[in-house]
Amino acid sequence: MIFKVFDKKELKKLFDVLSSDNSIVGPVEIGADRNDQPIYAFSLVSDFNNIKLNYSTTKLPAKKFFLPFKEDLATFTIKEHGWQKNVDYNIDRPYIFFGLHACDINALNKLDKVLMGSTYPMPYYAAKRKNMFIVGIDCAPQPYCFCRSMGSDTVLHGFDMFLTDIGEEYFAEILSDTAYNFLKKINTRDPVEADHFLYMKSVSEKNKKFTAHVDTTDLTKILDMEFQSEVWKHWGQQCLACGTCSNVCPTCYCYGVEETVDINLKSARKTKSLYSCNLIDFAEVAGGHNFRPEQHIRLKYRYYHKHRGFVEAYEESLCVGCGRCGESCLAGIRVPEVIASVRRQED
Amino acid sequence: MKIDCNVNIRHLTRVEGHGNINIKITGGKLEHAKWEVVETPRFFEAMLVGKRWENAPWISGRICGICSIGHTLASIRAIENAFGIIPTELTSKLRLLLKHMETLQSHILHLYFLSGPDFLNAGSVFPLIESHPDVVLRAAGMKLLANDLCDCVGGRRLHPTRTIVGGFTMLPEKAELKGFKDRLIKAKDDLISTADLFQTFSIPDFSRETEFVSLKGERNYPFIGGDLVSTDGVIKKEHEYKLMTNEHLVEQSTSKWSRLSRNSFAVGALARINNNFDLLHPIANEIALSFGLKPVNHNPYMNNIAQLVECVHVVMESADLIDEFLDTELGEPKQKVIPKSGTGVGAVEVPRGILYHCYEFDDTGHILKCDCVIPTSQNHANIQHDLEELAKQYAEIGRQDREIELLAEMLVRSYDPCISCSVH
Amino acid sequence: MDTHLKFTDIKTEGRQKSHRRDDFEAFEFTYKSEITNIHQLTEMENLYRIQILDPEERKRFTFQPGQFLMLELPGIGEAPFSISSPPSRHGDVELCIRKAGNLTNFLAKISRGTHVGIRGPFGTNFPMEKMHSQNIFLIAGGLGLAPLRSAIAYAQDNRSRFNNVEIIYGAKDPSQLLFTYQYDTWQADDINLNIIVEKTDPSWKGPVGLITKILEEIFSKKDDDFFKNTYAIVCGPPVMFKFVCNMLGQKDIPMQKMFVSLERRMHCGMGKCCRCNVGSTYTCLKGPVFDYWSVMNLKEAI
Amino acid sequence: MAGDKAAKTYLGVPLFRPKVAFFELSSCEGCQLQIVNNEATLIDFFSLVEVVNFREAMTERSDNYDIAFVEGSITRSDERERLKKIRANAKILVALGSCACFGGVNQLKNRFDQAWVKNEVYGNFPVETEAARPLEDVVKVDLNIFGCPVKKEEVEKIVINLALGKAIVHPKYPVCMECKANENICLFDLGEPCLGPVTRGGCDSWCPNSKFGCWGCRGPAEDANIEQMKFIMKEYGFSEEVMLDRLECFGGFKTYAEEFRKSLPTVVTPSRKLFGTPPLKIRGGRGSYDSGEKDK
C-alpha cells in the first residue's frame, strides 16, 4: 500500500481537480432535527464548502447511487404480434464518492460478494460499482456505532483513497493508480515516522470512543439454538413491519419485481423495487400461503440472514454496525440490544 | 304563440354536486320555475366542533374537491386571524400563487369541459376530443400547468399538503418554479386563442338587475382577505361577514340562501369584475372590453367571459409572483403557532365567489363553533330569481321546451355552481 | 493527465448467442420463444409446449430433471416453473402450469404462436446418474407430478440403468389427475404406477385415501434389502413430504437418498432477490431440489 | 364515451373494454376530479374504458355498465336506495376514495348524536341525515380504491389491470416503506407526528413528501401495530388527542379509534359563550360541552 500525507488546505484543491470533470457525491447537511442536530445525506455536490466531512452518519446510505430504490430492469416494446425486450443498466457516468466512512465502504464490499461475486453477477449493480471512485474518510464513533464489533471500523479494500485526519494534515492510503495520479495534481509528501505515529494515535483514540458493542462470539450457533426463543416474540410485538430498517441499511438488497403495462398498451416494463423481509407479504406465494406469517418470525429472519446465513456463506456478517437501522426504527429496535437479548445478556 | 312547457331536470349534469331544475309554463304563462338543491348535507360545521385548530384546514378542505385550496386557505386565514398571526410576505405571495392556479384550473375546467360543450353543441367534452382535438388539448395543457404548479407550491393539486397555519411545511425549489415561467407565457397565448374561440359563441342576451358582492381590492385585484363590498354600495369589514351574507333556510334547498340590499345577490367572477374592474391586469382589461364586459354588467351568462378575463389576470400576475419569489431570500417556511381563545374570520375569493370560514376557539385552540359560508349558497337565491325571470321572458316570446331547457341549464352552469360545497 | 474518469461500459445489449452463469449479460437475458402448443390437462392446469426460436440457442439449452426456468410475459409477469419434459429434448420444453395468479391466468387465455421469454434453466436437479442401478421411488402429490414427469421421462429413456421404478401419485380427486394420457406408456416401459385419490367419483376404480396409505401397502410388499438400494424423489406440498419422508426414514433409507423439491416465492431465480430464502439459503441456487438431510438442517423449511 | 372502437388486444388476447359509470354520494367529488386531472394520459385512459355515465363531465347517461365507481359515503336514505340500484346494475362495484371505503371525513359527525348535529347546523329546520357509513355497510363492494383523494396513478394502474384481467392488489405494507424510498427525513425526527407507520402504503408517501405527517387516509396497513404506534406518539411527546385526531379523521381506523376515544378521560371545557348548545357529550380528547348556557 502506498501512503501520502498532505496539508488539509490541499483537500479543496483535490476536490476541485476531481470535480472539474466528474460528478461528485458527498455528505451534505439537509436540515436539522428536533434537537437541532444536523441531518446529513449523500447528494450530488459541486461546491467543496457544501461537503460536511465531519458528518456523523447519513440517515440513508449511499445505496441509492448503486442500488436504487426503484429501477427498470427492462422495458418492452409491444408490437402487433410479439414484443421486443430492451435492457438498460441505467448508468450514464462515473461518480466520485467523496467522504465515505469505513462502514459504508465495507458495506459495498459485502454487496459485491452477493451481487458481483457469486453466480449470475448483477450487471445493474456491477455497472454502477465499476463506475465509482471512492475517497474514504475516517470518522468519529457515534453512540450508536458498533462497527468495531462487526469488524467494519476499518476498511482494507474497495476504495481508491482513504484519508485519516492526523491534525494539520491528512494521511492518505492509496489503492488505485487513478487515485495516485489524481494526487499528483496537489502538493503531497511521503510520510515520515512521526506521521505513522500520529496515524496510530488517531486510530487508538478513535477506538476508545466506541460505546455500543455486539458480542459476535459463536453468534451463528447461538442464533440457531435460540431459534424458538421467546425474545423474538418480544421484539416482534414492537416491530411495525414498516421496512424502514432495510431501507436505511447499507447492505440490505432484497427486492421484488413487478411487471406493468403502460397505459397506452404499447410498452411495458419490468421494475425492480427494494423490498424488506420485515414486510408482511415478503414470503407469501401464489394462493396466499405465507411462509413467515408472523411479525416476530420475519424480524427474526432479518437477523438470521444478516448474522447467520451470510456468515455461513461468506464467513462474515452482512451487518457493518453503522447503527442506522436502530436509529431510524421508531419502535427503537436496535441490533446490539436484540443480539444481547438473544444471548441472554442482561445489562 | 301561447306555449306549454315542462322542464324537469333531475341532477343537472356538468356541475359539481346535485341540483334540479323545474319549470312549468302553461298557455304562455309561467306557473313556476325552481332551482332545487338536493345535495346531501355533510355537516362540516358540526364535525369540527371539539377538534383542535390543526384539524380545521385539513378537514374543511374536504368540503369541496374543486376549490379545496380555497377552503384550506380560508380556514387557515380564519385561524391565523383568531390567533393573531400575520403571515410573512413570502407566505402571502405563495398562497396567492397557489390560489391563482386553483382559479385557473377551475375556470378552465368550467369554460372548456362544463359550459363549453353547450356552445359547441356537444353533450360533453368526450365527443370534442374527436371533433375539436386542438381545443381539448389546449384546455388540457392549461389545466395541466395549473395543476402542476399547485403540486409544486401546495404539495398536490387537491387537498394540498404543504399549506398550514403559520405558513408552509416546505417551500418549492427556486429552479423548479422558474421552469413554470415559460409555461405561463404560453398559457397567455392559449388564453388569447380561447378568447378568439369565445368570440364565436353567441352568449344569450339576457339581463336582470341584481346586486354583486365581492372582496374589495385596495391596490390589487382581490383574492385573499380585505373588506367586503357590493355594487349597491355596501362596505363591510371581513369579520362582519354575517351582515353581508344573512344566511337563511328555504324549503326547496338543503343549502342556505343569502340576501343583502335586495332579495338576492350574486358572487363570483362577474361580481369581482363588477366591483374591481380597474384593478385587472391591462391585458385582462382589454379582453374584457373586447367582449363588451364592463361594470356593472347584469347578464349572468357573462360570468363565463368574466372567468376567461380572470384567467388572463391570474396568469399574468402569477408570472410576476414567480419573479418576486426568485428574488426573495428564503427563510423559515413557517411561524410558530400559539393558540388562544377568540374568533377569527377568513374571507377568500374562490373561483365561484366569496368564501368565508369563521371559528371560535377556546384558550387551548379547540373549536367551539364553526361557520362556513360558501359562494354557491350565496348564489342560489340569485339563480332562482334569474331562472324565474328567464322563464318568464322566454315564455312570453314563445320559445320551445327544449330551447328553454337548454337556456335554463346554461344559465345555471354559467354560475359554475359547486353544489356539494354549498351543502357542506 | 486527463482528470476525467474513464467510463467503464458494460454492454447493455442482451447477449445474443451464448449464456454463461458468470456473465453479466446473462442476467436479464431471455430466450425468445414461442408457445407451439397448449394442451388442457384439467380444469386448472394446462401443458404448454415452448420452443426457443433461435435454432442455435435451442440446441445449447440443456437442463436436468428437477430444474426450473423463469417464464416471462412482458407486462404481465414472470414466474418460476419446473420443466416437465424429457431432458433429452433441449430447447423445446413443456411446462405444466396451474392457474394461480396474474401470469398463470393470462397464460390460460393466450393462444398458440404467442411469444414468451424464458430464462434459465435454474437450480439444482434430481441426481439421476447417482441413482443408476438402484430402485427409485418417484412420489408425487398434486402438481408435484409436473417436475417428476421429467425424471420419469429420464427413467424411461434410461430404463436399463434402473432397477425397480415405482411411481406413487396422489391427487385430490380423479378429475385432477395430470397426464392421464401417458399412464399407458409409462407402464409399457415397466414402470409401476400406483395412484390414489382422496375423494372418489363414480368413474374411479382405484384406491381411495391419503398417499401414505398406498405407500404402506407398497412397503409391506418389499423386503428390507429392497430399501438398501433405493432412492426416493418426493414432490408435493410440504406436509406431504414431511410424512412421506418420515415413512421412508423408518425403512432406513438414508436422508441423503431422499430428494424433495421446495417451493418458495421467487423474483429473480439467480440468488439475488432473497425472496426464496429459507433461513438464509437461496432456494433458487441451492435448491429447489434438496436432499432431505439439508432440508432438516434448514430452519423454517417445512 | 360514445363510439365502439375496435376491441384492443394485448399479446393477442382481446381485452375487456368495460363500460364504466361514475356516481357520487356524499363527498367532495375530489376523487372523480382526480380522474379528470389526468390531463397527460386522459385520452389513453378513456380508450381503455367506455364511460357511459359521468355526471360531472357529461350529459348522456346510461344504466348499462359493467363497472360502477362510487364516490362518497352514505348519509341519507335516498343514497342507500340509489346505491342498491347501482349495485344491481353493476358487475363490479368499486368504492372510490376513503369516503366510500371508510366513511371518510364525513364520519367525523358520527362522534355526535345526529339530532345535535342537525341542530348545530340547521337549527330547527328539518333536514334528513343519518350517521355516515361506507358503502360496504349497505352493499357488497368488489374493490376498494383508498385515499383522500385517490391517487390517479393508482386508479390508472387499476384500470389497466382490470382491462388485462390482472388481479388488483393493494400494498400491504405501511407508508414508511415508500417514504424511505423517497428519501424523506422522517417527520418524527423533525418533531412532527405521522401516522405513516400504521397506514396502508400505495400513495407513494404523498403527505410526508411535503413534510406533512400522514393522517391515515388509506386506512390501516395489514396487521398494523397500533399499540406500538400509540407508544411511539407518546414517546415523541404528542398527546393522545393528536393520535386520536389522526386515527379518526378518515374512518379507516374506525374500530381502533372508537376504542381509543373511549379509553381517554372526558374533559369538561368552559361552555360556549356566543352560541347556545344542546346537551352534548364528546368523549375523549378535549371537550365535553355541557349545554346550560344559552346566551345567544
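The letters A, B, C and D name the chains in turn, as written, and every chain counts its residues from 1.
Just so it is clear, contacts are C-beta pairs under 8 Å (C-beta built on N, C-alpha and C of every residue); 3 or more make two chains touch, one makes a residue touch a chain.
Just so it is clear, the model here is predicted, and its values are computed rather than measured.
If you compare B-D with A-D, the chain pair joined by more contacting C-beta pairs is B-D.
Note on chain placement: the centre of chain B and the centre of chain D lie 25 Å apart, centres being C-alpha means.
Distance between chain A and chain D, defined via averaged C-alpha coordinates, is recorded as 38 Å.
With each centre defined as the average position of its C-alpha atoms, the distance from chain B to chain C rounds to 66 Å. Taking each chain's centre as the average of its CA atoms, chain A and chain B sit 52 Å apart.
Contact of a single residue of chain D with at least two other chains is seen at positions 10-12, 164. For chain B, the set of residues that touch two or more other chains is empty.
The multi-chain contact residues of chain A, meaning those touching 2 or more other chains, are 78, 81, 83, 260-261.
Shown are all chain pairs that touch, namely A-C, A-D, B-D, C-D. Chain contact summary for the complex, chain C toward chain A: residues 1-10, 12-14, 21-28, 30, 32, 72-79, 100-101, 104, 113, 115, 117, 263-265, 267-268, 270-275, 277-281, 285, 299-300. Of all residues in chain A, those touching chain C in their complex are 17-18, 20-22, 73-74, 76, 78, 81-83, 85, 87-89, 91, 93-94, 96, 114-115, 118-124, 126-127, 130-131, 133, 178, 181-182, 184-185, 224, 227, 253-257, 259-262, 268-270, 275, 277, 282-287, 291-292, 297, 301, 304-305, 308-310, 312-313. Those residues of chain D that touch chain B in the complex are listed here as 1-3, 24-34, 36-37, 39-40, 42-43, 46, 51, 54-61, 75-76, 78-79, 104-106, 108-109, 111-112, 116-118, 120-123, 125, 127, 129, 132, 148-149, 206-207, 209-212, 215, 241-242, 245, 249, 269-270, 272, 274-275, 282, 285-287, 289. Residue ranges of chain D in contact with chain A, taken from their complex: 8, 10-12, 15, 41, 44-45, 48, 156-157, 160, 164, 172-174, 176-177, 180-181, 183, 185-186, 188-191, 196-198, 221-223, 225, 228-229, 232. Chain B meets chain D in the complex at residues 11, 13-17, 40-52, 54-55, 58-59, 62-66, 68, 109, 113-114, 117, 123-127, 129-130, 140-141, 143-144, 147, 155-159, 161-162, 164, 169-170, 249, 254, 343, 360, 362, 364, 366, 368-369, 420-421.
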